[in-house]
Structure formats: C-alpha cells, structure tokens
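You will see subunit A twice below: alongside subunit B first, and alongside subunit C after that.
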Partner chain A sequence: MVLELQKPRPIWQIMFSTHHTDVGLLYLIMSLGFLFLGGALALAIRAELFLPGAQIIGDAMTFNRIFTVHGTTLIFLFIIPFASAVGNYFVPIMVRYKDMAYPKLNAIAFWMIPPSGALIWLGFADFTWYATPPYSIISAPGPAADMWIFGLKILGISSVLGSINFVVTILKCKHPDMSIGQVPLLAWSFLSSSLIILVAIPTFAAALLMLLTDRLGVTGFFNPAMGGDPIAYAHLFWFTFHPEVYVLVIPAIGMMYEIIPRFSRKPIHSYGSGIFAFVLLSIVGFSSWAHHMYATGMSFTEKTVFMVGTLAAVPASALHVFNFVATMWNGRIRFSTPMMWAVGGIALFFSAGAGGVANAAMPLDFTTHDTYWVVGHFHLFVMGTIAFGSIGYLYYMYPYVTGRMYNEAMGKVHFVMSFIGTVLVFFTQHVLGLYGMPRRIFDYPPIPEWIAMNQIASIGAMIIGVSMVIFLVNMVYSSGKGKPANPEDPFGVGGKYYYPFEAKNPSH
Partner chain B sequence: MAHSNWPEWIYVGVVIALMCWVGAEAWEAERLVEHVPEGAEIIKVTGQQWFWTFEHEDGTKEIGELHVEKGKAYKFEIHSKDVNHSFNIHDYVVLMDAIPGRVNTVWFAPDAVGEHDIQCREYCGLIHYNMRGTLIVEEPHS
Partner chain C sequence: MKTLVGLFLVLAVLVIVPAVEYAFAAGAEPGEYLDRRVVIWNLFFRMMTIAFVVGAVVSGTIIWQVWRFRESHPKAKPTPYEGTDW
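For the complex of A and B:
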C-alpha cells in the first residue's frame, strides 16, 4: 500500500518528485482546486439567470467571459487532470510496474498545466470554449483570446505527453506474467482514452495555430474576408472534440468498473465485453464529429452519414450499462458513498445517452441545437456521469491516499444533494431548450416558462453548491482528523481492499 | 467466461434495433422536411452584429421584423455580414446558421396568423442575447 499523506513531508518534496503517486497527488489537488473555481463560475451564471434582467453580473461581456472560462476550466483543468490523477496512482500498480514508464516526462506533463491554467484565468476570454471563428478572429478582444489559445496549446501538449506515458506504461511495462487481457478495466480505460488523445489532439493543435495566425492577420484559414471558411474550423475542432467526449467519459466508466464489483461483492459480469466496449467506443467515436454541425448547411447525405456514425456509438455505451447492472444483479450490495456515486452516475449516464439519441436524429436536432437542451445534455455527461464517477472514485481512493476515512454521513449527504441538484438543473435545462431558450445568453425576455425553468435550475445549482462545500469540509477535515482506515478493508466489504495486483512500491 | 451470456446478446440486439428504427424514422422525416415546395417565395436573411435584415422578392426590406402571409411557402436564403449567427424561429422549427461567405437555405410555410419570436442561436458576441426579432404572419393579401 502506498499511503501518501500518512507521514508529513515538506511540500517541495512532493512538488519536485517524479514518483507516480506524488505526481498523482499534485494532479488530484490541482484538479479539485479548479473544480471549485469552475463551480463558482457556474453558480454565478445560474444566479445571473435566476430572473430576466441584469442580476449579479453587471454586463454581457463579463457573463460571456464567465461561461467561457467555466467550460474551459472544468473540461481541461478538472476532468482531464482528475483522470490523470487516478491514472497516475493506479495504472502503474495495476500493471505491476514501479512507476510510470517516463517519470520525468510525467512530471513535466503535470507542470505544464498550472501555467496554462494561469493563462486561461488571467486572460478570461469571451469566445466560448469552442472559440468560434470568425468571431474569435475579428471580434474577440485580446490579449485574453491569445492567452486562451496559448493556454490550450500547452494543455494539448501536456495531454499528448501524458497519453504517451500511459500507453507505454500499460503496453510495455506491464508485468511479463500479465497478458494484456488480464489488465484491469480501469487501466484499459486509460489505454483507450490515451490512444484517442494521440489520434485526435494533433488536429486541434493545428487548428489552434491556424486560429492564432488568423488573429495575427497573416493568414486567413477561417476568415471569410480573406477567403477562408469558418466551417473548416468547425470540422477540425469537432474532429478532436467529439472523440474528446469519449476521452472524458471512458476513464470515469473505468472508475465505475472498479467501484461497482467491489461494493456488489461480485466479480464484473463480463470483463471481455467491458474491453470490447472501450475499444469499440474509441473507434466509432471518430465517426460522429459533424453531428455538432447539422445546422451549418450540410447536405442531406453528410447529415445521414454522421447520424449513423453517432447512433453506432450507442450500443457500445449500452454494453457498459448492461455490464454494471448485471454485476449488481444478485450482488450483496453495500451502498457506501463511492457506490452511491457510481450507481447515480450510471443512472444519469443512461439519461444523458437517451437525450443524445434525440440530438442525433436529424430533424429533432433542429429543435434542440444550440438551446439549453444541449447544455442540459452534455452537463448530464460531464457532471452526471463523469464528475459522479470521479467523485465516487475520489471517496474510494481516499483511505488509500490519506490513510484515513472520510465522514460517511457527510459523503452520503453530498451525494444525495448533488444528485437532486443535478436532476433539477440539467433535466430542467432539457425542457427549457424545448421551449426554445438559446444557450450562452446573458439575459432573456420575460417568458413565463423560461423564468420558471431557469429558477428551478438555479435552485438546483445552489443545492449542488452547498453539497460541494460539505464535500470540501469533509475532504480537508478528514485528511487530518478522520478515523484511521483499515488498509486491508477500509469499506468493510470483505476481501482485500485493492484486490487485483496489490504490489508494494519498492521506491517508496 | 463460463456463464451464458444470452441476455446480453438480446439486450444488444434490442439496442441496435432501436437505433436502426430511430435512424430510419429520422432519415424519412428529414427527407420530407428538406423538400422545398415548388414556387416558394425567396426571402434573403442577413445576420449581423446584432440584428436581422430581411429582403423580400419584390425588393422590400425590413429590419428586425418580418411580415409574411399565412399559407404561403417561403424559402430563406441566409447569410452573415460579419460573424456566425444562427437564424431561428423556434415555433416553426426554423434553424439555420448564418455564416459569412456562405448562403444556407431553409424553408417554412406559416399556417396560422400570429406573432413569433426570431432569435439568434449561435454565440455572436456582446449582444447575442438580444439579437431578436419578430415574425408577423398576416392574412393573405387579396
């Protein structure tokens, strides 16, 4: 067992370490920091939209900057680094290797994130996380926009380095006695998501450079005034960022694959179908990018192709849901905090997927596209599925990291409030979208349905906000004062805590 | 795996069948929706930060308001003067991006007299939230 916080160490020892658990700890703390920062922005947005008219945010420009940085922060500075934290902790142990394959590269990949986070936050750009040209070229104020572009550029390099490290660690450094078919599903999820990153990110890296030179006025790739085409950017962007959705969700599903069997006290229903679904998702994930672009004037044939590509991803996701339910079936389930988060996450994953089918169907997309329906839809994924899986896993790894138990009652209150809040906010936003409210608007006309739905959503957001304070208190307080965990079986579910390949780390 | 996996196969089969059904229905509906009726009157729609301009076939221009006649089919030719916008009449499920350098088309046929909101659904900057207009459907003239 590698227990990180049990003996006090000076902070620079952790900061300048290249050991995988230390880097994992840095990822963990930084990503949680950005979770709270990004979450605070979300609360500001919801408070502003509680009523028509300016509420707490004085002007539209500030509002536009806030939702841009909110999205960028939570996707790139919370979800991805959080997954890297879990991967750094567990992948080397799961493949029974002493560290990541390239420890120094690992530390470098981490240390690229704080400067890019600083660029994004100090710039506070306003052109949405999609940086849509030609707005981002001719209209978006600098230097915020340029700082955002550089920030994302650095993050992209960091992701690529991290992914190379995961792929090499899993494929080349796994214990010789272990075949690839015996690698736990969490490690498989990192293998799949890392391979997606390696294929997808370079496209966006190129698009970012083109965007930057367009802004400088030396090229006109996406600037119609110079003969360019903004739709080209849309293709390049979504070719990276639709697969990126799977990069975000696959590790969270991998985390659920650790939690669900543990607390159901049963082996995974089908290990093989889990791997199959991961691999299938990472391949078909590349066939659906232009479903974000139905309304850009695509031909009927193009739309049909991308609708089929999108629908093809559904059976793979559905396989995971089946696997989870079949694992829980007839299990002796103990609903400890991590299990509650995982099960809640599966329920919301299913709901989000069902809404996604409606988006993919061509005629329905014209009702939902760029409305609050879409906001609700992808938040059910990023919050309801990915954050739920991640937070569940955080509770699960908590005794492993700190040697202490969190407060179970507070953990459960955190879950119940977050679940209710998530349903209130994001299910309501689906309905709000059907009433036609566009996304990314600072103010709205006083249409009674819009006001009612916005108020329900804002109340839900406040409930989540309060639950996150409880979460923060629980994490901080328990790390010093929590009751010491039983390292063999902290959750009292029987069996060994980390059953697959519990290896002592020789360098620790 | 020793245990039988037939429920999983049935489940996957059901999911695939459902997706095929959704896809086929969507394909059929979209094919009908995209078929522009003969003789639809053309209205040129221009989006710019942050208002809509309309030009009818007879040369009449309108800003922010669009007057059309009940029972007639209209084809919008949509383009933008500056950044991306999205022309949207939610009540008639009219949605098409206005993109500089391109002309996108979409059609509709109002079937009742009344007023409906026109809005921009693609983020276009400072006053995107208030890039709104009104569609006014009138009784047919003569």
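For the complex of A and C:
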C-alpha cells in the first residue's frame, strides 16, 4: 500500500521520485496551492467590484494584472495539473501497469510547471489570459508579458509530454488481457483529453512564438501597423483553447464516472455510450472555435457552420448526463461528500450547457458578446462542473492518499456553501451580462441593477472563499488527525475500488 | 440507453437539418439578409424552447431521484450488485 503521509519519507525522496503516485502527489499539492492563490485573486476582483469606483485595488492596470493571473493560474496551474494528479494516481492502476510508460518523462513534465508558475506570478502580466493583441504586442509592459509567454510555452511542452505519456500508457502498456473496450471510463477520459492536447496545443505554441517575435519587432503577424491581423491570433488561440475547454471538462466527467456508480452501489448504466460521448466530444471540440469570434465580421455561412458545430457538442454532453441519471436510477445512493459534489456538478453542468446553447446562437451571442454573460457561462463550467468534479474526486481519493478519512461534516458544509456561492456568483453574472455590463472592467457606472447584482455576486464569492478555508482546514487537519480509513472500503459502499493498494514504490 | 440515443439523434436531425435548410434557402440577392436573420432568430427560439424543456425535465428528474433513491428513503432496497465484487 502506498500511503505517503502515513508512512513518512524524507521530502526529497518524494520530490525526486519518478513513481506515478509520488508524481501524482506532487501534482496534487502544487495544484491545490495554486487553487488557493488563484482563488484569493478572485476574491480581490469581487471585492473591487462590490461597489462602483476604486475600492481596494486602486488602479485599472493592477486590476487587469490580477484577473490575468487569476485566469491563467486557475486554468493552467490548478485544473490541468489537478487532472494530471488524478491521472498519475489512477491510470496505471486502471490499465494494470506498474507505472506510467515513461516515468522520467513524467517527472520532467511535472517539474516544468513550478518554473512556469513562477514566471507567470513574478511577471504578473496585464493582457488577459487571452494575451489580447495588438495590445500585447504594442504596449503591454515587459518583462511581465514576455515572462507570461515563456511560462505558457513551458506549460504547453509539459502538457504535451504528459499527454504522450498518458496515451502510450493506456494504449501500449495496458494489460494484455485487457482490451481497450474494458479500460475504465476515467482512463478513457484521459485518453480523449490527451489526444485533444496533442492535436490542439501545437497551434497555440506557434501562436506564442509569433506573439513573441511580434513583441520583439522582428515580425508583424498580429500587428496592424505592420500589416498583420489580430484576428489571425484569435483563430490560432481559439483553435487550441476551445478544444482545451473539453480537455478541462472531460477528465472531470471521468472522475464523476468513478464516483456516481460507487455511491449509487451499481455499475455505470452504459459504458459504451460513455466512451462514445468522450470520443464524440473530442472530435466536435474542434468544430466550434470560431463561435468566439462571431462579432469579428465573419460571413453568415461561416457563422452558421460554427453554430451547428458548437451545437454538435450538445448530444455528447447530454449522453453523459443521461448516463449519470440512469446510473443513479434504482440505486441506493449514499450521499457522502464526493457524491454530493458529483451530483451538484452534474446539475451545474446542465445549467452551464443550457447557457452554452443560448450563447452558440448568433443572435444572442451578439447581445452577450464581451459582457458578464460570457464570464458567468465560462465560470459556471469551470467552477460548477470541473472544479466540483475535481474537488469531489479529491475527497474520494483522500483516504487513499493519506490513509485517513476527512471530516465528513466539514466536507458537506464545504459543498453546500460552495454550491450556494457558485449559484449566487455565476447565475447572477449571466443576468448582469443581459443588463449590459461589459466584462474586464475595473469600474462601472452606478446603475442600481448593476450595483445590486455585483453585490450578490461578491457575497457569493465570499461564501465560496469561507468554504475554501473550511476545506483547507479539513484537508490539513484530517491528514494528521483524521480517523484511519478502511483501505478496502473507506466509504462503506462496497464494490471494487480502483485504489492502488498493490502499487509498490520502487525507484525507477 | 440505445433508445435514448436514437431518439436524441432523430430529434437533432428533425430540428437542426430543416432549420439550416431554411437558413440557406434564401438567395444571395441584396435585401434577403434580413430574412436570414428572422430565420436564425426563429432557430434560436426553437432551440431555447427545447433546451429549457429538456433542462426542466432532466433537472426535475435529478432532484426527484436524489430524494427517492437516497439510502435513507423508507423504500430504499439493496441493489443486485451489493455484496458482489462488481
């Protein structure tokens, strides 16, 4: 049994290990660290917007820096590394292999992330997580912008290395007795998202290089003054980052596929439709990137094509939801903390998806473009679905990682407060967008409706903030003082867990 | 589940294909752009109606089953898989 915190080892032994559970633990701790850092920035943003006028941040430039680093941190340094943590822990076990296919490459992929996180945080760029050109080329202050570009470049390489490892581990290292049709859905989710990364990331890697050379004045790809076109950057960026949304959401859905059958005390209703939906999402994720650019003068035909391409994701997403509903049907559901997070995640996934359907249609998109509707929609996906699935899975894997149980009551309070806070913040932001409030603004006119809705959203954010403090206390305290977990069945629901009890800790 | 998938695909074809055909039925002559806008708004409203109806049904189902299939419900009974190594 591998119980890192129960069986203490010198920290350097874990840090320099290449074993998949050790690398998984490093990913886990680092991603949670960045969750709290990025979350603190979110609270600063919401505190600033509580009332019109400068409140706590002082000036627009600092505000821009804060939301740029907030977005970059939570997407690239929390969500993706957290998924890697889960994948590192569980994928080798699920395909019945001793480790990842390339353990050293795996450790290298992890160790590329802290320097890139340092570049992003020490630079503290101000040009949004989209690195908006031509501002990012012409006047974004250096070296912050350049540090951000290098940070993202390193993160991209790390993602590609990690993805190669997952693909090879799943396809080439799975047990000979195991067909690809028997690989658990969580591992399938990693296969799907890794393939998306391998296809999508090189485009953004090229765009980053072009952005850098533009900043150096060598080229003018995206610089209108030199004949370039910022819209070209938008295409390159969204060709990578719309599929990237699925890279974020697919592993979270995979995690729900582990939790929901377990706590419903029955197998997943339809394994085949889960695989089908993952593969379908991976493909249609590439048919919708230009829906981010309806307002840039595209032709009607182009817009219609991308609208239909976007809507093609609906059946695939609905398949997952129907699968979860059918799995819970006739179950005997234990609402332990992981299950509460998973079911809450499904409900918010559906709400976020409904907002996406509305957003995909051109008429509404023109109304909501660059408003708080978009902020609400995106965050409802990222927080309501991806973070909910991830945090639920963290509670699920907690007994395995620490050998101890977390405090169940605190876990449930964490969920309830986060659910209420999420609804308050992000549902309200949808309405705020329909009332016309633009996104990415430091100050706003004292319109009574805007003030009221901003205050509701800020209060919701504070509720989430308090719940995250409870979460942190629970995690830290329980890892040392929690009740010892029953390693065979920590949640008392029976069945066969994919817990790596038999994983050994050899040095590779 | 296969029936559900089949039903969903049939509905998707019935809704999306005619709508796209309508959208492209208008020619490229000047003045017809407005017609397309009307068509696309029409498509939008139909999609939203479907999204909200399906959303209400699914959300209602989730809320009901969370209440009905919880282990503390008086009618809760063990699943056929309990006690096995499923």
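Going forward, the second predicted complex is superposed on the first by the 494 of 508 C-alpha atoms of A that agree within 3 Å, B and C clash if a C-alpha of one lies under 4 Å from a C-alpha of the other, contacts with A are read in each partner's own complex, and residues count from 1 in each chain.
Going forward, a residue touches a chain if its C-beta (ideal position, glycine included) is under 8 Å from a C-beta of that chain, and two chains touch if they have at least 3 such contacts.
These numbers come from a predicted model, not from an experiment.
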Clash-or-fit label for the pair subunit B, subunit C on subunit A: clash
Touched partner set for A:Pro438, first subunit B, second subunit C, both or neither: first
Partner chain(s) touched by A:Val343 [first = subunit B, second = subunit C, both, neither]: second
Partner chain in contact with A:Arg332 - subunit B first, subunit C second, else both or neither: second
Which superposed partner A:Pro315 touches (first subunit B, second subunit C, both, neither): both
Partner chain(s) touched by A:Leu364 [first = subunit B, second = subunit C, both, neither]: both
Which of subunit B and subunit C A:Gln13 touches, first, second, both or neither: neither
Subunit B versus subunit C as contact partner of A:Thr304, first or second or both or neither: both
When both partners are placed on the shared chain, which of subunit B and subunit C touches more of subunit A: B
Contacts of A:Ser270 with subunit B and subunit C, given as first, second, both or neither: both
Which superposed partner A:Thr132 touches (first subunit B, second subunit C, both, neither): first
Subunit B/subunit C common contact set on subunit A: 270, 273, 300, 304, 308, 311, 314-315, 318-319, 322, 326, 357, 361-364
Touch list for subunit A against partner subunit C, complex: 264-267, 269-270, 273, 276, 300-301, 304, 308, 311, 314-315, 318-319, 321-323, 325-326, 328-335, 343, 346-347, 350-351, 354, 357-358, 361-364, 494-496
Subunit B - residues contacting subunit A, complex: 1, 5, 7-8, 11-12, 15-16, 19, 22-23, 25-27, 29-31, 33-34, 49, 82-84, 86, 88, 90-91, 93, 95-97, 99-102, 104-105, 117, 119-130, 132
Of all residues in subunit A, those that touch subunit B in their complex: 60-61, 64, 126-128, 132-135, 138-140, 224-225, 228-231, 270-273, 295-297, 300, 303-304, 307-308, 311-312, 314-315, 318-319, 322, 326, 357, 360-364, 366-367, 369-371, 435-436, 438-445
Parts of subunit C lying in touch with subunit A, wherever the complex brings them together: 1, 4-5, 8-9, 12, 16, 20, 23-24, 33, 36-37, 40-41, 43-44, 47-48, 51-52, 54-55, 58-59, 61-62, 65-66, 69-71, 76-86
